[in-house]
Structures are given as structure tokens and as C-alpha cells.
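The following pair of complexes shares a single chain, chain A, combined with chain B in the former and chain C in the latter.
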Partner chain A sequence: MNALGAVFAREARLAWSGGGGAAGPAAFFLAAITLAPLAIGPAADLLSAVGPGIMGFAALLSVLQSADRLFGDDHGDGTAELYLLSGVSPAWLVLAKVMGQAAATLWPLPVIGCLGAMMYGVPVQPALIGALALLAAIPALSLIAGFAGALAAGIRRSGLLIALIATPMMVPVLIFAAGAGRTAFEGDERAVANLLFTLAVSLGTTALAPFGIAAAIRSRLG
Partner chain B sequence: MLSYFSNPQRFDQLARTLIPIFGGLAVILLGVGVYLSFFASPPDYQQGETIRIMYVHVPAAYMAMALYAALAVASFVYFVWRHALADTAAEVIAPIGAVFTVLALFTGSLWGKPMWGTWWEWDARMTSVLVLLLVYLGYMALRAALEDAQQAARTGAILAMAGIINLVIVKFSVDWWSSLHQPASVIRFDGPTIHSSQLWPLAVMALGYTFLAGWLILYRLRSQALRRRARTLQRKREQAARAREEAVS
Partner chain C sequence: MQSATEIAPDMPALATETLRVSGLSLARGGIELVRDFSLELSPGDAVLMSGPNGTGKTTLLRALAGFIRPDAGEIRFGDLPPGEAAADYLGWLGHADGLKHNETPRSALRFWADLTGQSRKAILPLMRGMAVESLIDRPASRLSRGQQRRTALVRVALSNRPIWLLDEPAGPLDGGGRARLAALVAWHRARGGSVIAATHQLLDWPEAKRIDLGAHR
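Right after this comes the complex of A and B.
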């Protein structure tokens, strides 16, 4: 467990020292939700109706935005080989790694998501439920981004390829996470069900994706 | 059975006999199917002549899904037994499946306009087929981006297997998603019973599509195998020439 803690801490430190920490995804998220009303128009009832959905969508994009860093550098400098040689189960290692990066860089997303929804005119309670759903979605989103990133590690301009691979896999998380905020806004009792489904998808992804990521890393070294 | 066909010569022989059979069956079945569905079957009592789009659309949708299943199975066989032929099969199935997916989406859109009054409806089935197309595209893009053949094969296999788990969850979640909103007042015709005058042309067309896909896959499999052999021969010849040059100098 010590090795896993070290990997987790290393990832978090790396994200802070080299990658600007949480600033990148947060700034991207902020930019995306600033632009959306400019495209949709300032009508208040329309904005409050699309608000929860836009938050989920923009959060997904900001997770994708940094997905190429996670395993791309490891592939290039030989860290990936060392991980596989370390004797620690690679599935646990990549889980610690992805979670380390997610904890260091993605924590502002629910906060901005909640404030952003309120800026769109969404009442407090649905905005909070939407933010909770975003928090529940972060493990799934970052693990899927990590899986796509591990498959495409080291490919030049891999960002586009990662987005193409990851988007179909993010469909369920997006549906449930954005759906939680949306149904809460509409006063539908299914908001809680959506929230629980988001958690379920996140837990399922946490159980399965590390094996996929480990297999992907191994296949790219072969 | 698997190890039996790992001999490329044996596979080549089988492919050479099967390719004309599949091709001939595809042409005959599609010919009969087109005649049955466009001339010999009655127009639908509700949808009129537009029902004939179904005979092109439904088999295409079925092939789009069946070929993804085949892609995943081939990837599994490659991943577990490292069977080179299975990888080549996965490689050649993907673009064929993608084309059937596009055909299904396109004909579905053409059918939707007269039936539902809209080219595109964000309903569960259409949305999941659109996601299926994205999965195909991602798979092909990943393979194309990886230059090393073995890496492309193994990485592609992992992605294809993850894709089939994903598609099941996508199907479920998209059903849930579209049930959140009352669907627009469109005319639904999802009757589970289908009259035999429509079932026959549909079955013949579906079989024709299947043989067409089988023919295309075998044809491309064989040409890929030939290409690989040609490349090996060329490399050997170059090596021999280089060795001779070194011996002379």
C-alpha cells in the first residue's frame, strides 16, 4: 500500500508543479460555460433549462482536455516500464495514479459547476444536486480518459484521438450526471435515481477500468 | 479449429473456395430480395410504399451490430490465443461495419422523414447507433495511428473488447435518457408481429446482406494475407541483395 500512496502523492505533486494543478481544467471549464450562453442567447428561461446539462457537458470536456498528459509522459520516459517491473499489481498502480491526478486537478469542477449553474439561473437545490453528480462522475470520467490516454500514449497529437475514443465511453456517465441536475431542476423525483446511477457507473468503472488501463499500457510496450 | 487455420496455406485454400460461393449467394439473394421487397410485396396498410425502405434499413442495422460483435469476438480470439488471422479479421471487419452503420443511419433518416416528419429524432435506438459509429471510428483511428503492427493489433483488441461492454451500458443508459422526456408525437410502428408478406423479403435481404459482408470480409482477409506475404518476400529479397553486395565489397 505504501507504493500506491507514493504513486498517488507523486501524481498529485507532478500535477501541481508541472501542469499548473487544478488551474488548467478549471480555467477551461470556466471558459466553456462563459461561451455557451453567448452561443445560446441570453433568454433566462432557456438558460436555466439548459444550465445543468451544459455543466455536465463542459465538465466532460475539461476532463478530456488534460487526458493526454496522464500516460503520455510515462510512455515516453520509461516510467511505464518501471511500473510494470515494480512487482506491485499494475491495476492498483494505475488506479492510484489516475486518482492522484484527479484529486489534484479536478476538484474545482463541482464547485464551478454549482456556481455556474446558479449563474445560469438554476435554483440552489438543483445546482447542488448537479454538483454532487459531477463529483460522483469524476472517478468514471478520469478513468475513462486515462484508459483512452493509455491506449494512445505517445502518439503525436494524441488529444484528438483520445477524445474520439473516450467520448462513446463517457456517454452513460454524462447521461446520468447531467440528468441528475436536469431532473432536479424539473422537479422530477428521478434526480436521486440519476445520482445513484452516476455513482453506480463510477464504481463499476473503478472496478473494471484499471485492468483495461494496465492491459493498454502493456500492449503499448510490447 | 483455431490452430487448424493458423496455417496460412490452409486458410488461403478455404478462402479461395468460399469467396466465389459467398459472392454468388450475395448477388442472387440480394437480387431476389430487391425484387421481392420492391415489386412482389404489398405496400403497408399504414405506411404505404415507404415500408420498402425497411427492407434496406433493417438488415443494415442488423449488420452494423452483428459486425461489431464479430469484431469483438475476433479481438478476443487474438488477445487470448495471439492468432494473427483473428487480428487481420478484426482489422478488415471494422471499416465494413462502419459502412453498414452509416447506411443504417442514412436509410433510417430517409425513412424517418415520411414516417415521423423529421430527418433525425433523438430517440434511444438512433442515438445508440450513432454512438456505435463513433466506436467504430475510434477503433479505426487508433489502429491507423499506431505504426507498429503488433502494438496496433493488441491495443486495438483491448479497445474493441472494452467497446462491447461499453455498448451494452450505452444501450441501457440511452433508453433511460430518452425516457426522461415524453417523445414527440411521432407515429410509432414497432409492432412485434410482422406479416409474412413482409417477413419473407426482409429475411431474404438480411441473408443477402450477411453473405455480402462475409464475402467482403473473406476477400479482404485474403488480400491482406497476400499483401503480408508479398511484403515478407520483398524484405527477404532485399536482405539477400544486401548480403550479396557486402560479400562483393
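Right after this comes the complex of A and C.
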């Protein structure tokens, strides 16, 4: 097996066997979208209008929820040092790692996002577009969470630092991803543009974030 | 007592290299730990570094691995600095063992073999050499500290790199474990490899050079 495939497979396997796999983010996501209507109120018009936005917002929070473990564990158990000495390009290695973790733990988000939006009264087509936007947003969200997690690795109460670093960086992808669902619900043709923008942000993050994460890991070891 | 000849995994020959350190000075948090430290480590050599806590043994090993930039002095693997050469030449055993608590030694060692491009065939003979082959399917969280250390030493040997940097390799090991560590190191040196170990224990490695870092202040 090639080196990057090995990293991807190991991360997915570790996420399943130890972290409860997809259950953590999925449970967090479900809890958030179940609680939101209780706070907003039962007006059907209102709920269907805010549904796509709530889905994007809750998905973002559930990605952030496990960000401290992604690189914090590697820092604490000595894996980070071994990664840097492995001879594999660190940027490619962390990309494979984050994607392996995301594939194993975040796949329910678009599914729950789609079903959740329909339960809020959003019609099927906009709900599906919203779910597609969530899928397109996952690379950006998990890489930004990974970057913040790598910068805060080994720091006590790293959750605070991660929230402060990651939240502003997640603004564009949240606006476009939630915007895709919202404009689709309003019957606006800008939905597709929003979806493409989400994908563009994800691609840009995929190209840049791995270098930042690799540099952060190295600096945390110095 | 385990003899060196009992560890005989089928591995490609080591790409041996000489490590040269000259005039090295290291500081942490504004305190100078190592001053004007020089060392030449040729294939087959072993160095045992001792010294009281806080004299910079770990810091020195981390500088050799390229994690810390020295304040002065030069580190060269052949002609190359640590940043370019570490991944080709170094087998690293840090303070932590690099094991995941929910992963078995079998999965972990297969992963490290794949990642560093080594054959998985050497895993079992090396585990036998450290007497942990019966634990191969037990998650790391259920191994004792000594068993985890032995597994980490197998990972170092599996990397098939010529220069081993070991931080307290024998810390949690019992008498039998130290004998097997000595045999593993003897096997490595016989292949042309070299070892630098920071240790508080009295390790009885034949013809090992002893350095007291406390005397380098």
C-alpha cells in the first residue's frame, strides 16, 4: 500500500475503533437541529425559511466539536514526531490524515442535513441542494478545524483557542454553503452559484491548508 | 540472555552514514543547556548519554532530529543538515512511544512499515526478538508501559534506518527487557548502524562511548 493510502486508511480505522466513528458529530448535529426549533418557535413559515441556514450552522459546529483531538492526540502520543521523520511530504501526509478522518466521521452530515431540512418544512429539491453544499463544504471545514487544532496541539484548554482561530476562517464557507440551501428554497437561481463557490472555497482550502497544518505541527514540536 | 544472532529478520542492507556534530550550543527558555558539544558517530558506534535531569539530553536528541534549531554549531549526516537527512537516516524513539491506545501492535507496525516503505515481513521476527509477539493483537491501552516500550523499539528497528536516537529506551523495561534491548542494539551495530541513547539506567552495551552531559555545562 502506498504511504498516503496507508495514512488515510489508518485514520479512518482509528476514528471508527476508538472515537465512535461518525456517531459523535452526527449526535451533535442531530441535537443542535432538534433544539433549534424549540428556541425559534413553532411557526411553520419561519422554520422552513431558517431551515437551510440552521443546517449549515449546525454542521459547522459539529465539525469543530472534535477538532482538538485531530492533531492534539498525535502531539501527545509522539506520532507527530514520527510523521515528520517518516520521509513522506508533511503537507500530503496531513491532507491524507484529515481526509481519512473526515471520510470516517463526517459522512452523515449531508444525510442528516437533507432529512433535517425536510423536517423543517423545506421542499425536497432545495433540501438536496443544501445537502450537496454541506458535502462540498466538508473538506474546507475539516481542514480549517485541523489547522486550528494543529496550532493549538498540546495546549491545555485548546478548545477555546481552536474556536477563536477556526470560527473567522469558516465564515466564507458557511455563507456560501448555507446560502446555497437558502437561495434554492427561495427559488433563486443563485443557488448553483453558491454551491460552486462552496466548492471553490473547499478546493482553495485543500490546496493551501495542508502547508499551514504541516508548519503548525513543526512549530509545536520546536 | 538473548544473543544478537537470534534476531535475524530479512531486511535490506542499511545505508550507513556518519553523524558529525561540532560546536553545538543549545538553549531552552533562555537557559543554556549544552555548550560547545562535539561528537562523531561512525557506523557501528554507540553513545550512552547520561546526566542529571534537566541537563539537556532530550533537547540534544531533538536538535539532532531537526525539531529544534541550535543556537550555534553544526549537525551533519554525511554532508546534509538534519532538515534534509533526518527522514533518510534516523530511527526515532522519543519520550512517548507513538502508539495509539485503541490500535494493536500488528496494525500499528504494519502502518509504519507501509508509511516508511519497509517490508512487513520483518515485524514478527523483531517482535519475537523483543518477546512481545504474543501481544501482537492486544490494543496498546492494555499493554504495560514496558510492553509499549518494547513495541516502540520494534518500530524503530523496523524503520531500517542507520542512526537510532533513543530517549530513555530502557526507562520502563525490566531486566529481561534491557537484555533484549542490548541484543537489538548489538544486532543493529553489527549491521553497521549506530545508536545514541539518553539514559539514567546503567546500560551494559559493549564498547559504548559514555558522555556525561552534566560535564558539558
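Everything below uses one rule, namely that the second predicted complex is superposed on the first by the 221 of 222 C-alpha atoms of A that agree within 3 Å, B and C clash if a C-alpha of one lies under 4 Å from a C-alpha of the other, contacts with A are read in each partner's own complex, and residues count from 1 in each chain.
The rule we apply is simple: a residue touches a chain if its C-beta (ideal position, glycine included) is under 8 Å from a C-beta of that chain, and two chains touch if they have at least 3 such contacts.
Bear in mind that the values here come from a model prediction, so they are computed numbers and not experimental data.
Trainee: For A:Ile165, select first, second, both or neither according to whether it touches chain B, chain C, the two together, or no partner.
Mentor: Only chain B is touched by A:Ile165; chain C is not.
Trainee: Quick one: is A:Ala6 in contact with chain B, with chain C, with both, or with neither? Answer first, second, both or neither.
Mentor: In the superposition, A:Ala6 touches chain C alone.
Trainee: If you stack the two complexes on chain A, which partner ends up touching A:Ala215: first (chain B), second (chain C), both, or neither?
Mentor: Only chain B; A:Ala215 stays clear of chain C.
Trainee: Should A:Thr206 be classified as contacting the first partner (chain B), the second (chain C), both, or neither?
Mentor: Touch partners of A:Thr206: none, neither chain B nor chain C.
Trainee: Classify the contacts of A:Gly87 with the two partner chains as first (chain B alone), second (chain C alone), both, or neither.
Mentor: So A:Gly87 only meets chain C here.
Trainee: Output check: A:Phe197 vs chain B and chain C. Expected answer is one of first, second, both, neither. What do you get?
Mentor: first
Trainee: Looking at the overlay, what does A:Asp77 touch: chain B (first), chain C (second), both, or neither?
Mentor: The answer is second: A:Asp77 touches chain C but not chain B.
Trainee: For chain A, what residues appear in both contact lists, the one with chain B and the one with chain C?
Mentor: 222
Trainee: Which of the residues in chain C end up touching chain A in this complex?
Mentor: The touching residues are 62, 65-69, 86-88, 90, 92, 94-103, 107, 111-112, 114-117.
Trainee: For chain A, which residues are in contact with chain B within the complex?
Mentor: Touching chain B from chain A are residues 147, 151-152, 155, 158, 161, 164-165, 167-169, 171-172, 175-176, 179, 182-183, 188, 190, 197, 201, 204, 208, 212, 215-216, 219-220, 222.
Trainee: If you look only at chain A, which of its residues touch chain C in the complex?
Mentor: So the residues of chain A in touch with chain C come to 1-3, 6-7, 10, 13-14, 17-18, 73, 76-79, 81-82, 84-88, 218, 221-222.
Trainee: Sort out for me which residues of chain B touch chain A in the complex.
Mentor: Touch residues, chain B against chain A: 131, 134-135, 137-138, 141-142, 145-146, 150-151, 154-155, 157-159, 162-163, 165-166, 169-170, 172-174, 176-177, 180.
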